[in-house]
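Okay, handing you the structure first.
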């Protein structure tokens, strides 16, 4: 049997089945869950590679489990935006590797949380993968729940003092947003009688009858996904949750899980642009403004944080602002920039959280004041951190640059130069923070002996960090590749708008 | 408009329930209470989706020999089945977190927790 | 302060929602898209295509099998999440056998002894327990013909287990949750879906495919029943373990 | 004629590599010196090796990476860039020697020399930047690399000066970036390889916006008033850094940016029709006069020099905004003239401070007898600034005046004359004090600065005279400036 | 399905929800919530959704309530 057509099903199933078996293999030995999770992610990554290769060759394609063609069955649909599975697998794989030593430092893990931790990590990745590749609205919701539930638990699993509280806050907002999405799916189903995204789009095209349900559904979907993506003012759950989680989890949450909201929004846009039911100018304007506020506010709060992880969490809000703004601009450049930033920000943020995690692992401190002088003690980690830092600011030739450039261009293309300014000043604010960080890490005398005597991170942490850091550079230099890759997808998304 | 609402009385009821739930989630201070509110919201959405599949003088979509139509749509029912499972999962995790929070801080009132943080 | 905001927000949500529902096709209207589009085919061909008279089961397991797979994954996730969050430092005797979610006698246990239960409840629960179990089995195995199915039956089984635990105490029900078996039980539903899906892939060429050929009808029915049983066992195990874990915390 | 050649990349890479070596292996003094000196020399030789070709109109280009559609990193050594690169790379050698002498006892030498090398690397990067993005990149890197130098002593004063410096220049950088994006949006290219890429079809409003953004962005670094606030405060830095900031790198980078904006982004023809440059010229004139007046009242020698710098840099801006060939020549030549004279002065100030510990002007009475060679060099530089013929500064003033006449804006002449008088008013008293006022108390015996400080000072002073006398000699920097002007004015 | 019964059920649901909202005693709120679930179950049975009704009875009214009770037992019964 040739596996070629089945990768799409396998990529969804592998992590889930792997997760289901993780508690089983945990019976064998304390270390097996790590290796098991690692090999599961390896298989998944292989599947992701095959899928990305296939879309390079053929363009978007579908798979129908059960053989019931859409709209009667569930369709898995792989388009350019789904290629984000590549980065999900990569970061997931590295996060597992990173965790192998990291979890030793968490007291709670000495008492049997380890297998559950890996199970949740796999479930989280599996949920995200399912979410990105499904072509069915309700299936989207189901996978969203898988990844959300595991995400809530992963926040709490580290045992930080406020972890459970942060997780609960995250859960409450996440659950409400999920409900909004489900409600909206109900509305769309009520007026179209179908759940398949493409079919919903087709049936809404030239829809006769009251449009109010579709409009309400649109509103709820946007609010729901914006909450998942932590767009201002629905971001309140994010900083605590991402700061309280164990660092590899923070990398996954900040780099990937919030992006799920954005991908959800892209799917929503696909429906509503495609059906041409509404003129979305006002919504887009709202999104642009919210994006702009997120950028500035996130960056502003980030600047004043002493806690490194908290500051990274705020910078995530800022970066989500970029993406949302790019989407809202609804110009080719803007949307391309936003879509590529989904990929690149995942790499960058994971780099940063890994590096910070390694530093915390070695020193036990997490504020700038405490970590003075750590750059000299842990040179390689600090170099990776610096690379991530300049990437997130968007300095060429790193990964963060081209996307922001494109989003800024998109702002000018949409004749909204003001937002170009906002974008650049947001980057500037973040830049100030990183200068503070570099200053503290390299040019101040250590205040703690642990910091001064720290050794560079162990290989299992250093390797993921450095791999990602070098990818930040490579993706910057080869920035054209993702841009051209995503372009047909964006063109298809925006085609109904004309031009 | 009002007639439309009257004919769709199931829908209206679920909207009302949804809003009551929303009110509880936002207004109440106690985390368990908040989550009771969320459960009300969830059931409201389920009621809404079930109502979508209802058909006039309908039968359950079970095709045993003597059954005759019209049949209610089976699809919304499957959605709600899944939804209920999701809801109970969320509830279980939320209550677990609440228990842990109580162990750590000795309270589950949101404002007191905010001060303790 | 909080209440006015909440009330206004609730009203703010109510207005568009009401406007939205007012625009929906009239409740129960047979010509609504819900009944004419996708569902129409289910009702018309569902029985022979999906192999279940109960169309809900048919749709859930066959047409939209991936949803059901996702559903069991969700509840599995919930269990793992609960286990991960509640496996806490208070149990100092931790060792490898702790991974299984088996209930341990912890400090918490000693603080909260099992509540004494009135003899009547005790008696009633014990009396109906076998019948409940039988009913659950019926619901599970007959789910493709009558209302019910794997998850409903699983929930009943889980509920039964919980009731028994409350009445008889953990000591008596613990043997039901064997350490070696527990992890398998947790993931039973997910694994069943994977296995049945793989069998389907071998038979029909698509994952979770069910053979439609009349000669293979028995295979299809077996697959469906396997799914039902898997979901039921997994669901019951998950619900029971969630309860036990919370109870033991 | 354009030739693909790696040398424009190699030049900045050289000091970059040097910085790396210093950071990695800089703990040993002799190794550090070896790296610094050899890198400085090799780099100067690389730049010099391009000079003959450049004089004949050859442009060396090297595209490092092209991200997409013209956005990329590229290097291009045209005449204008060559001029700037030549100035900075040759002065690097002098400053390196000086700094080795000056920083001999300092504890944080590794950091100092590492970032020092990085600064020069980025300066040459700015000179050779093929497009606005590359320009911006090096421009920002320069900001970052000078920050550790400014805060070198880490006193509260130094830290606050560093913060002010960063605030000004980073915000300026953001303006530049916005401008760059707008240029790309308007034209689809951001290349600096043409005598103007924008055209009037874009609309005056937008053009004005872009011009404002770029000029404001660059003016923060060029310390054009009222954006000069950071510069006097940054005087807390060690003297070689001040010399670097003022003469070679930072301020010049800002001025160079304005020159690039005027000549390569907008182009003379376009700006001539738009009239944006008139306010810029007025601002520059205002800065020249005001800064000079403030300088008169400064007692701290370095602060006086700082205000003098603000004034002098505006010459470049003023000349550039006149949009005539003569004035353009002046603008370009002034890069060298001002750099050499000012670096001489800073070297002197540092030498005095290191040798006698004096930092204020009023303490300098009689110091000319104590350090005759040093103060001689100072006198040469002063005369150059005043605009005495045979000194470098004269060339600038002469060509600006010619440009003023050429464009018919006679009031620039007034500015020139006033500023010469003011220059005299704040420099000559120092010379007078040094040589003709007896020292208070017992006259100190003659005690020159140590050779590592003295020799670079004298070399620079000699160059000030050389530049002032050899403008007609072929192969000297002046002819390079003329080549640049020919390109800009499409002659 | 009579309209009166419909309206009665729906009103009961809303009333139960309001009681849940108002009750200071979390235990009481949970019990009322359980009855709310049973009412829903009844409603759905009449709406032609016996599968969902069964699930709601077992899970929504049953297990969810048990979980709430356990949580209340582990934390606090009174809402402040």
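For reference, chains read A, B, C, D and E in written order, and residue numbers begin at 1 within each chain.
Rule of thumb we're sticking to: a residue touches a chain if its C-beta (ideal position, glycine included) is under 8 Å from a C-beta of that chain, and two chains touch if they have at least 3 such contacts.
From a predicted model like this one, the values you see are computed outputs, not experimental measurements.
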Report back the single chain whose CA centre is most distant from the CA centre of subunit A. D
If chain centres are mean C-alpha positions, then the most distant from subunit B is chain D
Interface ranked first by C-beta contact pairs: A-C
Per the C-alpha means, the centres of subunit A and subunit C lie apart by a whole-Å value of 30
Averaging over Cα atoms per chain, report the distance between subunit A and subunit E in Å. 37
From the C-alpha centre of subunit A to that of subunit D, how far is it in Å? 45
Give, as an integer number of Å, the spacing between the C-alpha centres of subunit D and subunit B. 70
Listing for subunit E: what residues touch at least two other chains? 49-52, 55, 59, 63, 67, 70-71, 74
Where in subunit B do residues touch two or more of the other chains? 9-10, 16, 18, 20, 22-23, 29, 48, 51-55, 58, 60-62, 71, 75-77, 79, 81-82, 85-86, 88-90, 92-93, 95-100
Multi-partner residues in subunit D (2 or more other chains touched) are none
With touch defined as at the top, which chains are paired up in contact here? A-B, A-C, A-D, B-C, B-E, C-E
Flag every residue of subunit B that touches subunit C in the complex, lowest number first. 1, 4-5, 7-12, 14-16, 18-20, 22-23, 26-27, 29, 48, 51-56, 58, 60-64, 69-71, 73-79, 81-82, 85-86, 88-90, 92-93, 95-97, 99-100, 103
Interface with subunit B, subunit A side, in the complex: residues 138, 142, 145, 149, 152-153, 156, 161-162, 164-165, 167-168, 171-172, 175-176, 178-179, 182-183, 186, 189-190, 195
Could you please specify the touching residues of subunit A with respect to subunit C in the complex? 1, 6, 9-10, 12-13, 16-17, 19-21, 23-24, 26-27, 29-30, 63-68, 71-74, 76, 107-108, 110-113, 115-117, 119-120, 123, 126-127, 130, 134, 136, 138-139, 142-143, 145-146, 149-150, 152-153, 156-157, 159, 164, 167, 183, 187, 189-195, 203, 209-213, 215-217, 219
Which residues of subunit C touch subunit B once you look at their complex with the stated criterion? 2-3, 5-7, 9-11, 13-14, 17-18, 21-24, 26-30, 34-35, 38-39, 42-43, 46-47, 53-56, 58-60, 64, 67-68, 70-72, 74-75, 77-79, 81-82, 85-86, 88, 145-147, 151, 235, 239, 242, 245-246, 249
Contact footprint of subunit B on subunit E as seen in their complex: 6-7, 10, 13-14, 17-18, 20-21, 26, 29-30, 33, 36-37, 40, 43-44, 47-52, 55-56, 59-60, 63-64, 67-68, 70-72, 74-76, 79-80
